[in-house]
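Before any comments, here is the structure.
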Amino acid sequence: MPIEYLPILALIVLAVLFALGTLLMSSIFGPKRPTPEKLSPYECGITPVGTARERFSVKFYLIAMLFIVFDIEIVFLYPWAVVFRQLRLFGLIEMAIFILILCIGLCYAWKKGGLEWE
Amino acid sequence: MFEFIIIMLVKIAVVFGALLLTVAYLTWLERKVIGDIQVRLGPMRVGYHGLLQPIADGLKLLFKEDIIPAEADRTVYLLAPLVAIIPALISFAVIPFGSQVKILGRTIDLYITDVNIGILFIFAVASLGVYGIVLAGWSSNNKYSLLGAMRSSAQMISYELSMGLSIVGVLMMAQSLSLVQIVKAQSVVWFILLQPVGFLIYLICAVAETNRAPFDLPEAETELVAGFHVEYSSMKFALFFLAEYANIVTVSALATTLFLGGWQGPLLPPVAWFLLKVFAFIFLFVWLRATLPRFRYDQLMGFGWKVLLPVSLANILVTGLIMAWR
Amino acid sequence: MELGLFIVLALVAMASAIAVIIQRNPVYSALYLILTFLSLAGLYLQLQAQFIAAIQVIVYAGAIMVLFLFVIMLLDLRKEEQRAVKGGYQLLIGLLLAAILLGELGLVFGGGVLKGVPGEFSPEKVSALGNTQVVGRLLFTDFLLPFELTSVILLVAIVGAIVLAKRRLD
Amino acid sequence: MVPLSAYLILSAFLFATGVVGVATRRNVLIIFMSIELMLNAVNLAFVAFSRFLHSMDGQIIVLFVMTVAAAEVAVGLAIIIALFRNKETVDVAEINLMKW
Amino acid sequence: MIDYVWLVPAFPLIGVLINGFFGRRIRRAAVGWVACGVMGLSFLVSSLVFWDLLQLPPDKRVFKGVVFTWIASGDLRAEAGFLLDPLSAVMILVVSGVGFLIHVYSVGYMGEDRDYPRYFTHLNLFAFSMLLLVLASNYLLFFVGWELVGLCSYLLIGFWFERKTAADAGKKAFVVNRIGDFGFALGIMLIFVTFGSLDFQEVFRMAPEKLQVGSALATAITLLLFTGAMGKSAQIPLYVWLPDAMEGPTPVSALIHAATMVTAGVYMVARNHVLYELAPFSLALVAAVGMATAFFTASIALVQNDIKRIMAYSTISQLGYMFTGAGVGAYAAGIFHLMTHAFFKALLFLAAGSVMHALANETDIRRMGALKEHIPITFWTMAIATAAIAGIPGLSGFFSKDEILWQAYSGRHGHYLLWLLGVATAALTAFYMFRVLFLTFLGESRVDPHLRHHIHESPPIMTVPLMILAFLSIVGGYLGVPEVLGGANRFQEFLAPVFEVGHAKAIPSPHGAVGLELGLMGVSVAAALVGIGVAYRFYIQDPSLPHRLAERFQRAYTALLNKYYVDEIYETLIVNPFKRGSVFLWEGFDVKVVDGSVNGVAYLVEWGGSLLRKVQTGYVFNYVLAILAGAVAIVGYMAFWR
């Protein structure tokens, strides 16, 4: 591993220790007096109805799916951006085609109502 | 090697401490500023002008009961705040906050580390932050927290896209993913002048990414009680809170680095410039919260996908066109 | 140091990979899979593929697994948790074949069957040019066609996913 | 210096683990995750070869593998959702649509 | 700019994609704009590339750009690469330029058509294919373009596929082309077997070493390639599809006859001149077939009555000239004639289209006449084209045709018989072309009475391309004014670097006496004038004369009118025996032997399938196990046996 990643590793260790330490402290200092009422889900004081693990709208799936696709686009854009000055117009045309094709997908999703929330 | 490790550890300790301090006092700062804007005083009781308020808050949370809901998935419930806070704390590793100083005859770089994929590191870490929210919402076994978590994560990933795209223009000009190189590329002119549209998109996305007003919908108290962390209490809640504020600091520092010339500036020492810019940006955050009303959720998602995403793509192509033509 | 790190990362990867396939709750499987991905990212860093390491986290851990979690939460899956493993011969044959495969792969890799001629991108050269820069340069010249075709694949994915997922929505 | 064969054997192990997952689990989602695991095992081998054979091709292929994996996940999960809507299950033992 | 030569075919492809995917969604005007716009851009890039090429010293004018490696399998290495040299530069200029004008014209001509987007999609695809063909740097990519061109011709000739004749014509074109393509593909395979490469430059570099002059191998390769050219460029005996190709919309005919498709064969021979130089027999055959086609089809054209059909035969005849030029070793002259022909033949077809437009799609010249007053622009532009094709001195056709005739006489592989036939063809050409002109525009009106009052000139979007093409038909020839007339023959000089490669070993062309060249030129001009004079006598002065003549030479006339019964001969000699053989095979062999065994196999399969069906459980994990077993087997093979 290149040496410049060592500090990152160290910082990760420190952050984990900090977070765990905080939780540990609270479990040491905090009181423990559970009651059934306290442990039931909070629904503005009303008794909970049904289970929380209900299905939610497929819209969330569509958003995450589009996110993946455009995330890939970003992944391709970054190396493109750093060598853009060498590629010049040629690179621009390549990327424009790429972006346009993906935008067709975005437009399709848009048209199909995948971006609407009622 | 030994020396390297010592210097490294010192730097990490200083940055980590400074970050925590900043985050703690950010809560105080926010309440004070909003108080001023609303012609109130804000916290006044603990210490001079409430200066000890964050410490008091922290201690209070530490001694609160840690409730785990009955139907909750205990392991994930415990894991979620950890997953939220750790990424928030480590992205500072690659942000440069000054050029170099000479201490005891040694030249010390004022950043924890400089990697050649710096900006990608930050995005990679940031993309993990969403798990904290999803897991918290799911494990709580509460309708409100699940809905809040889904909304919040959908919002985060939506705006993460535009955020990633908004800085491509900067990368095209800097020709590097290393944040140090990006800062150095701004020695003549800050990228905010060359990439105004990119900066604007970044700003909007930064606010949305940190779930702040006017994009604080996922945790809109009036609609969803408190969003994904409704069931959390005690220090676990504090960790979510810390993570949110740490993220504010991170996006501000990133904005400073990418668009505002980083540590560079006349007269004042570099670190001072860096802090000045970061705090100016943070102030903007607080100001926005005090001024703007909240978006509706459909507006918010629509805005992200139908406006920001196309505009940021267009920004990239226009930037490319201008650069290729010159 | 380097070897130690490799061993740690490899152990984490292997342990979490096993956990993925033996966990009953799909959410836990997904979480362990994320852990596998993260340790693989660490291994990529060790192999001086910084760019790949970063996008491993961004794409796999940050995007694909988010989609997995979304879908797991979208479908209510408690019923399945009771009988997670297929019974009888299926399990046996599967394990047996996998073991044979592993042994064979070990033979192939360990026996030095695979020999190659070193190319032009030595690690020193790559780090001098910058890993991302080299990837970018190759991607947009030599691998231009696959790159452009990628966009078509992604387009098909968008269209296919929308058609499949939205069919009975509206 | 970690030798190439260490990476390859790790890759083979992860691949075999994925195979076991695919062959033995009933939950379509976990099978799908096992497939992702296998893809990652292959990616690891690619990157390792790329490093030891001094060629960048491996890393770029990994990039494409990830892209294809992303597309595959998008469509695959959509299929699972559609399937779940019809059959209310993600158990492959109850899904035998591939029979003619 | 030269690095961007790939944009030349790329633009029409973009047009194809836009109109192909969105043509039905966007407005009709937009469809036309897109189609013409991409062609215009393509032409613009071609011009810029050409200009850049001109700036370079003549021996540096060869560029090869590899876009990507397409196939790399064993020894076979095919790159999607572009070869730009003076030859392909001229070709892209002609294809994109004339193509552009035809696109513009089509906007007006096809304005009312229901399938407007489909039409322009295919038209763009046609242009793309042809540009790909002329720019290809290797045989494989060339073949792709070649096949695409064939496909486009099928699609466009059969554009109005509801009409049976159109659909049949499309099929005919495709099938006849396939025959040629088969030979062509064999030729390419033979080249690969011989040279181990498909790259033009490599093959040409190796050719003199690997092939003996006049060797059987060289002859075989070139003849196989020429089979393809015969199909694509409609030479005897594979010309029969082209006259039927007029079933497509008229601009399509213009495109096929002028800019794309039929010129591909000539281009192919010119491109492969290195190989042809090594096979004198093939060259002689090319020249002979070319000249025979020229004369033969010109004679058919004499008596046809369908304006487009006459044009079609005229094209075949002119292509024969081009092949003659190539066959006698004067490739530059062939290409020169290709270019000028592109101008005036496009013009002729478009003008014919304009006439049809005026007369509600009437194509029979016996029902025309005296149209000059009504559609003056069409008349004058068509008159210019007619004069050009007839070889009136000063117009483009004169220079290019005489160059070929001169080379046919005096060139390295020339022969006086070729020249003689050429001059006779020139006279025939002048006659039939002026016959069309006279019958259509002059004399008395024989137009259907209730059509008469709405004869109208076409809109500017159609007439402007006509005028541009007319201008080009006039000045196009001045690029290659021969030395004997005081010119510098710049065209030949420009192409010289391409063709010198092959000439290196050949004997320098015997430049005969100036007097001789001028004399021959005079003879051909005289022949043309005689043709015109006869046409004038027949159709203006004494319109009843043709009928009397036809009565006198009844049999010759009907033979000509029925195109020498070539279609019928094909029918009897090839199609019918095939049919009978097929019927026999169907009833005897197929039903009993093949069907019997097929059914037997089917029963067997069904029986086996009912057993095997039990394996197909429909459960994914069972399949996974099977895949896994396969993987184990393959890796095991790797591990233990290698």
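Order of writing sets the labels: A, B, C, D and E. Residues in every chain begin at 1.
To be clear about the criterion, a contact is a pair of C-beta atoms (placed from the backbone, for glycine too) under 8 Å apart; a residue touches a chain by one contact, two chains touch by 3 or more.
Here the structure is a predicted model, which means the values were calculated and not measured.
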| said: Please report the smallest number of touch steps linking chain A to chain B. | reply: 1
| Between the pairs A-C and A-D, the one where more C-beta pairs touch | A-C
| remark: Distance between the CA centroids of chain B and chain C (whole Å) is 29
| request: Would you mind pulling out the distance in Å between where the CA atoms of chain B average out and where those of chain E do? | output: 66
| field | Whole-Å gap between the CA centroids of chain C and chain D | value | 6
| Intercentroid distance (Cα basis), chain E paired with chain D, Å | 51
| Residues of chain C touching 2+ other chains? | 2, 46, 48, 50-51, 55, 58-59, 62-64, 66-67, 70-71, 73-75, 86, 90, 93-94, 97-98, 101, 105, 127, 130, 132-133, 135, 139, 144, 150, 154, 157-158, 161-162, 165
| Junction residues of chain A - those touching two or more other chains | 2, 5, 53-54, 56, 58, 60-61, 64-69, 71-72, 74-76, 78, 81-83, 91, 106
| remark: chain E residues touching 2+ other chains are 621, 625, 628
| Residue numbers on chain A that touch chain D, as the complex places them | 58, 61, 65, 68-69, 71-72, 75-76
| message | Per the contact definition, I'd like the list of chain D residues that touch chain C in the complex. | response | 1-2, 5-10, 12-27, 29-30, 32-34, 36-37, 40, 43-44, 47-51, 53-57, 59-60, 62-64, 66-75, 77-82, 84-85, 89-91, 93
| remark: chain C residues touching chain E in their complex are 86, 90, 93-94, 97-98, 100-101, 104-105, 107-108, 111, 113, 142, 144-145
| remark: The residues of chain D that touch chain E in their complex are 19, 22-24, 26, 31, 92-93, 95-100
| field | Touching residues (chain side chain E, partner chain D) in the complex | value | 613, 616-621, 623-625, 628
